[in-house]
Amino acid sequence: MCRWLAYSGSPVLLSDLLFAPENSLVVQSLHSRLGVEAVNGDGFGVGWYGAQEEPGIYHSTEPAWSDRNLRELAGHASAGRVFAHIRATTGTPVQQTNCHPFRHGRWLWMHNGAIAGFSSVKRDLTLAVEPALFPLIEGSTDSELFFFLALTYGLEQDPPAAVARAVGLIEETGRKHGVPLPIQMTVATTNGETTWAFRYSSEGRSRSLFHNADVRTLRLQHPDNVTLQHVSDDARIVVSEPLGSLEGAWREVPESSCLVIEGGREQLHPFAPVPGAAPAGSAAAAL
Amino acid sequence: MCRWLAYSGSPVLLSDLLFAPENSLVVQSLHSRLGVEAVNGDGFGVGWYGAQEEPGIYHSTEPAWSDRNLRELAGHASAGRVFAHIRATTGTPVQQTNCHPFRHGRWLWMHNGAIAGFSSVKRDLTLAVEPALFPLIEGSTDSELFFFLALTYGLEQDPPAAVARAVGLIEETGRKHGVPLPIQMTVATTNGETTWAFRYSSEGRSRSLFHNADVRTLRLQHPDNVTLQHVSDDARIVVSEPLGSLEGAWREVPESSCLVIEGGREQLHPFAPVPGAAPAGSAAAAL
Amino acid sequence: MCRWLAYSGSPVLLSDLLFAPENSLVVQSLHSRLGVEAVNGDGFGVGWYGAQEEPGIYHSTEPAWSDRNLRELAGHASAGRVFAHIRATTGTPVQQTNCHPFRHGRWLWMHNGAIAGFSSVKRDLTLAVEPALFPLIEGSTDSELFFFLALTYGLEQDPPAAVARAVGLIEETGRKHGVPLPIQMTVATTNGETTWAFRYSSEGRSRSLFHNADVRTLRLQHPDNVTLQHVSDDARIVVSEPLGSLEGAWREVPESSCLVIEGGREQLHPFAPVPGAAPAGSAAAAL
Amino acid sequence: MCRWLAYSGSPVLLSDLLFAPENSLVVQSLHSRLGVEAVNGDGFGVGWYGAQEEPGIYHSTEPAWSDRNLRELAGHASAGRVFAHIRATTGTPVQQTNCHPFRHGRWLWMHNGAIAGFSSVKRDLTLAVEPALFPLIEGSTDSELFFFLALTYGLEQDPPAAVARAVGLIEETGRKHGVPLPIQMTVATTNGETTWAFRYSSEGRSRSLFHNADVRTLRLQHPDNVTLQHVSDDARIVVSEPLGSLEGAWREVPESSCLVIEGGREQLHPFAPVPGAAPAGSAAAAL
């Protein structure tokens, strides 16, 4: 299992996001409070949107807490949209190509959770990936394959629909192979402008997910809090567990929902898998 | 492209194989004489048969010339059958799961060369892998996929036939995708008792491959050579390029052939791909 | 802080020591029960005496729990004397040259604890190292410098006396620089035949240290325990925390003592620093 | 031996400096034309001045040619002052703390060459480092120790004088230990505003060093060259070997000289060591 953070708002120094908070992601890498595993030391990744069309990515197999290059990078790069992820592997190797966030063009993707019984369903799911996308898979994780399934189903056109179909296929395939609860997930994806965050699991008891309350309201409630004076009104953080203990600051994302964040506004939609949707033209359509 | 070495004979200290020779594999990692690339600094691997049923494997992403753990391991482990490989990537990431030799049960496999146009044929070849073997693929190289195709075609029962069919499928698939010269290869595989070494390429101009001449004959020719006094009569080394410049010591393995080494005896057979052999029961059979 | 293990007895497969026990050192790397830090993920090291005069050393900066090469090496190497160490850094970089055990000729050394106020005393202590030994220091830790001080004071001739003098100098130097409690330590050192284990701290509340009870007695107490049937009579393990929960199996090494293990016999001696002993001929003698 | 590059001018994307040129530093890491070693695969480092007071540093032990994070960082970070270095070790370990450039406050330092007989002179030179600076030495190279000697002699106040005294001490110390030619060096150092580049060796045959000719003149000479249209007038690159083959573009820095670059202007001064200058207050003063 893993922990992740998705930020959007005015440009911030990465270290203010990743190192400064009381319960920052780097702190969580050594002592997660809410994670299934206390330690998330099997790799780290951060993606940030800078001057280029495509986001930059830094992937490291060292634990986040001892990675000096991460500290340097985070101390010198600023961005208005940042994805960061600490990994606790469920079995696949610790290597850069298995670190989140994964990237495709302008898109980033990260995942906490697992596709259950992965070795038994991996082949069927791999066959369902659009053939033109197939050779772009670089690592061996369930999370990256999930990303490529979502891309196959049209992530770049309609993210909630594409993720719903990908999850539908994963559940269908899992059950066909005798896996009772095929998926456990919180997922974040972005094109650099809008962020979509999903919380769902086959068993209906998903990994924790939070987002911050409205910054203007928080400032009124905590007029003495210095940090809040520096945060922009439209700052939005979605995160596996709260970064601090400020009262009223963190709201749980409900079960089976999709949170959409764009331009400082957020919308919450129900999320449910769409079954029976083998992608047209894929080998899986004929399985 | 890469360089490799396969040893069989009386047990030797790994460092006597990997570090001691004038043009040892570690020397070749920095200055290969006959390789397509002079530098083979994209990872290293060694497999050795010790006290266990399965061979041990050490895979490293550091260049062999500066890897301290390799020097320690090689200075303390002895084995009567050793595979070693230095890598110069043709594009796939430098990570442990992409280092040779690859292992399956008691079997080891290593490859110098490439499957041409790999990104265009990768999906078809992946589909041809026996479904039960599919989830065991760990890395992203053409070489490991080639190994799993050979396993699919019965490597463990009849290595020359299995490799001939795997190469047949690779050539057929490549040509279907417009790749004129689909494969370039020297390959070694072993079950810990017999070693099979293949030299072949679609163009008929394959990467170099050598084996040592009979040790007893060499001793007569070079009565003053100290090293030869210590080598067992049945010692056999197959290698991408000679480890030294002793006259008469190295013989080229001919084009399109398979060298079989067992119990200090070697046999040379012609090698030719067997086309038209989609594995029964695989999805590729229906392509 | 760190955790370590020192084994002597009949040759065992390293994996039986490092991976098999219920609370093995690899388990402790992720979830130490008694350590100051629960996680010891800042590097790993193992030293073993094999066929060579000098022990072999494997040093890794990856957490022990995810290091595949360690698993391979441990599954294929056997030794009758093994030192192993998991590291949680107190500030110095995570790099191979900072991993324990440290080696000098046939000698190994590992340490749990710290020299307090290290940056303020490091120069004086470095000057005290025998000039001929000075260029052999490779890393930047307090633990390696402590080893070289012990070597300077004659570790190879009389280990308890040399360690007592090194600790005396460390305490004296610390106090001169205003450090109230200059050292915290459990240390193990061996020449491949005898093992010396020390437990001491300036404050008299030292890190935990245990050794196993007599194997023959344990067998009588637990006639059904399978593991005990396979362990040789003279097997001795000294370890930062018990490897399992078998009643009566583990005895605490008392405060301020030195345990000497040789040929399956152990002797316990009181340990106290010897102050005022700047090494003759060193620059520190004139400080 | 190594290769390095120092840039100053209008802000450029790091990848335009490190990857784009025909004979870029990353190309040189695999195939240096003028280096003592063709391969510089023992680590990489880049320092750049961004939004913070202190420069950022990225140090990697992977060969530059296969480091994916370097490619990402270089594709997203821009700076008006950049130091970059590829390493071919002369014996000290491949680890991040041995990668150049080294940093102290706002200062960067990198070195190609070696202090000859380093193990015999290391202790005396270490003693000469200002005690307050001593604990800040992190690695084990001659190059970093040279930096700390220069800092001891006042690098931050008067770089040419400080380097002259440091080289004087190195030569004096070397000769005292019977080293006939104690130093070989090209060095670059900067405070983020001015760059000083030194070329010197005890034997008077120093490693190669070049700087680019005036950009305005080059534009007149090569009106069709697209690259030159994009380079700012004040761009200055000092580099171990030319980055391309444009006629007239590269001028050799003469033997025994110091090139000072500030605000697009360069000045060339003769450089000679200043002997007999043990730093006041250091232990070396009493040696």
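Note that the chains are named A, B, C and D in the order they appear, and that numbering of residues resets to 1 at the start of each chain.
Here is the rule we go by: a contact is a pair of C-beta atoms (placed from the backbone, for glycine too) under 8 Å apart; a residue touches a chain by one contact, two chains touch by 3 or more.
Please read all numbers here as calculations on a predicted model, not as lab measurements.
Following the contact convention of this document, A, D is the list of chains adjacent to both chain B and chain C. At the interface between chain A and chain B, two copies of one sequence, more than half of the residue numbers in use appear on both sides, so the contact is built from largely the same positions.
Averaging Cα coordinates per chain places chain B and chain D 42 Å apart. With touch defined as above, residues shared between interfaces to two or more other chains in chain A number as follows: 68, 93, 96.
Here chain A touches chain D in the complex through residues 13, 48, 50-52, 56-60, 68-69, 72-73, 75-78, 96, going by the rule given at the top. Interface residues of chain B, counted against chain A in their complex, comprise 93, 95-97, 118-120, 122-123, 126-127, 131, 134-135, 137-140, 283.
Of all residues in chain B, only 30-31, 38-39, 41-42, 61-63, 66, 68, 89, 93-94 touch chain D in the complex they form.
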